[in-house]
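So that you can tell them apart, the chains are marked A, B, C and D in the order they are listed, and the count of residues begins at 1 in each.
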Amino acid sequence: MQKMTADIGSRRWVVAEGFIPGGGIEGDRSLESHETYCVLNAGSQDALLKITLFFTNRPSVGPYRVTVPAARTLHLRTNDLDDPEPVPRDTDYAAVIQSDRPVVIQHTRLDSRAERIALMTTMAYAVS
Amino acid sequence: MQKMTADIGSRRWVVAEGFIPGGGIEGDRSLESHETYCVLNAGSQDALLKITLFFTNRPSVGPYRVTVPAARTLHLRTNDLDDPEPVPRDTDYAAVIQSDRPVVIQHTRLDSRAERIALMTTMAYAVS
Amino acid sequence: MQKMTADIGSRRWVVAEGFIPGGGIEGDRSLESHETYCVLNAGSQDALLKITLFFTNRPSVGPYRVTVPAARTLHLRTNDLDDPEPVPRDTDYAAVIQSDRPVVIQHTRLDSRAERIALMTTMAYAVS
Amino acid sequence: MQKMTADIGSRRWVVAEGFIPGGGIEGDRSLESHETYCVLNAGSQDALLKITLFFTNRPSVGPYRVTVPAARTLHLRTNDLDDPEPVPRDTDYAAVIQSDRPVVIQHTRLDSRAERIALMTTMAYAVS
């Protein structure tokens, strides 16, 4: 498998939608409002990601550095990013994700503000 | 970062789904029914977008002109477009978005008609 | 505009997910459970679509023939297809959509079975 | 039709998001929380799929072997995979799906934990 999956994906991805709702269900991590970049590193070497966040009214922030081990997936919540600074809630943003190894990235948001949950997902945009 | 992101995306995008629900939660802008084109301009120069809307039973309308500053994201609600004319509610439409600089566009709808919210998103179609 | 949009899209598209829920909100067409192929024909000539539906346990059905006029969008509900036969409810299916002109297709489902509504959307797969 | 559809799709696909909610509506299979890979094999020969699942903290598992007959669609619930082992609930995972014939794959999750349902879908990532 290693050999067949070593080169799966792209080194640059974009998620143009970004918004972490400030409210929602609390006390159950899986149901809290969150945004996730689901990263698959199917290769045989760790991938180092550098994430840059873009905003509407201020300069970009980053890079946030994240490692996705070889042959692992990391479902990274932007809620949890805090270095160089936390991602502001209730604020529009977008992300460019650069990796030193090919990975695949899918974007998901769970929004539990309205007492129930709403979900959305899309493959991120692979820069060619 | 500037250099690495200057050419990210495409100059023409299509969102074939378009429908702004006429009802929904009111009094909280973030929960009103809306459709959004999330545009990322990761480059170092402003991007001028020209949006043309297509309908089922009448000629296309546009262009709507929108500027996305360099190194910024704009989450543009079609609800807010009003020149040359507002986007009709409860009406099927589709959009072609042309930009003079490469950008990435993701489409999202929040629908709060049924007391709760429903979400959907997809990357727009990049015309090659 | 005509000139710039005449060749937008692809002539073959696939939507692998298909399922029209048999129940849901009734009496309001916009909130009934439905599946839609949102087709944009940005070109200057009408597009003739031939849709073939694939199932789990029986041969494919079609083609269903649909015309999308020049410079128009058609948000086609599979609920409304009836020639050669209606699309069965509560049944898995998938679709190949062929067009004699380039078009762009986005897939959306609204599911109102559980008293509220759920939404999902994705660009269809453009066969290269 | 056979001839025109024989080569539709790709032989390798990735779904980077994966999570089967452990709870939800019970007693109605269509409303149980589930994740589905909707596979269309539009060709004239059966397709043999090998699915490998990747996790956050342990080695990958697989391959799971699934056959999609010629000219059929299979909406495969990951809930139902059990050989070599069931897919754990409430656990992040990702999938690489390899096929000996071209197929098209779309990913969908229905989440019925919060008494209502939430839906999301996206085309899987076709490895080129």
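The criterion applied here is as follows: a contact is a pair of C-beta atoms (placed from the backbone, for glycine too) under 8 Å apart; a residue touches a chain by one contact, two chains touch by 3 or more.
If you're wondering where the values come from, they're calculated on a predicted model, not measured in any experiment.
Asker: Which one, A-B or A-C, has the same contacts as B-C for more than half of its contact pairs?
Answerer: Equivalent contacts to B-C are found in A-B.
Asker: With contacts defined as at the top, give the pair, A-D or A-C, that has more of them.
Answerer: Output for the comparison: A-D.
Asker: Which whole number of Å gives the spacing of the CA centres of chain A and chain D?
Answerer: 21
Asker: Counting in whole Å, what is the centre-to-centre distance of chain A and chain C, each centre being its mean C-alpha position?
Answerer: Between these chains, centre-to-centre, one finds 30 Å.
Asker: Two-or-more-chain contact residues of chain D, please, as numbers and ranges.
Answerer: Counting only residues that touch two or more other chains, chain D contributes 115-116, 118-123.
Asker: In their shared complex, at which residues does chain A touch chain B?
Answerer: Within the complex, chain A touches chain B at residues 12, 14-19, 21, 52, 54-57, 59-60, 62-63, 90, 92-94, 96, 98, 107, 109, 111, 113-116, 118-125, 127.
Asker: Could you pull out which chain B residues touch chain A in their complex?
Answerer: Interface residues on chain B, with respect to chain A: 1, 4-5, 8-9, 25, 30-31, 36, 38-40, 42, 71-75, 104-106, 108, 110, 112, 115-123, 126.
Asker: Within the complex, which stretch of chain C touches chain A?
Answerer: 116, 118, 120, 122
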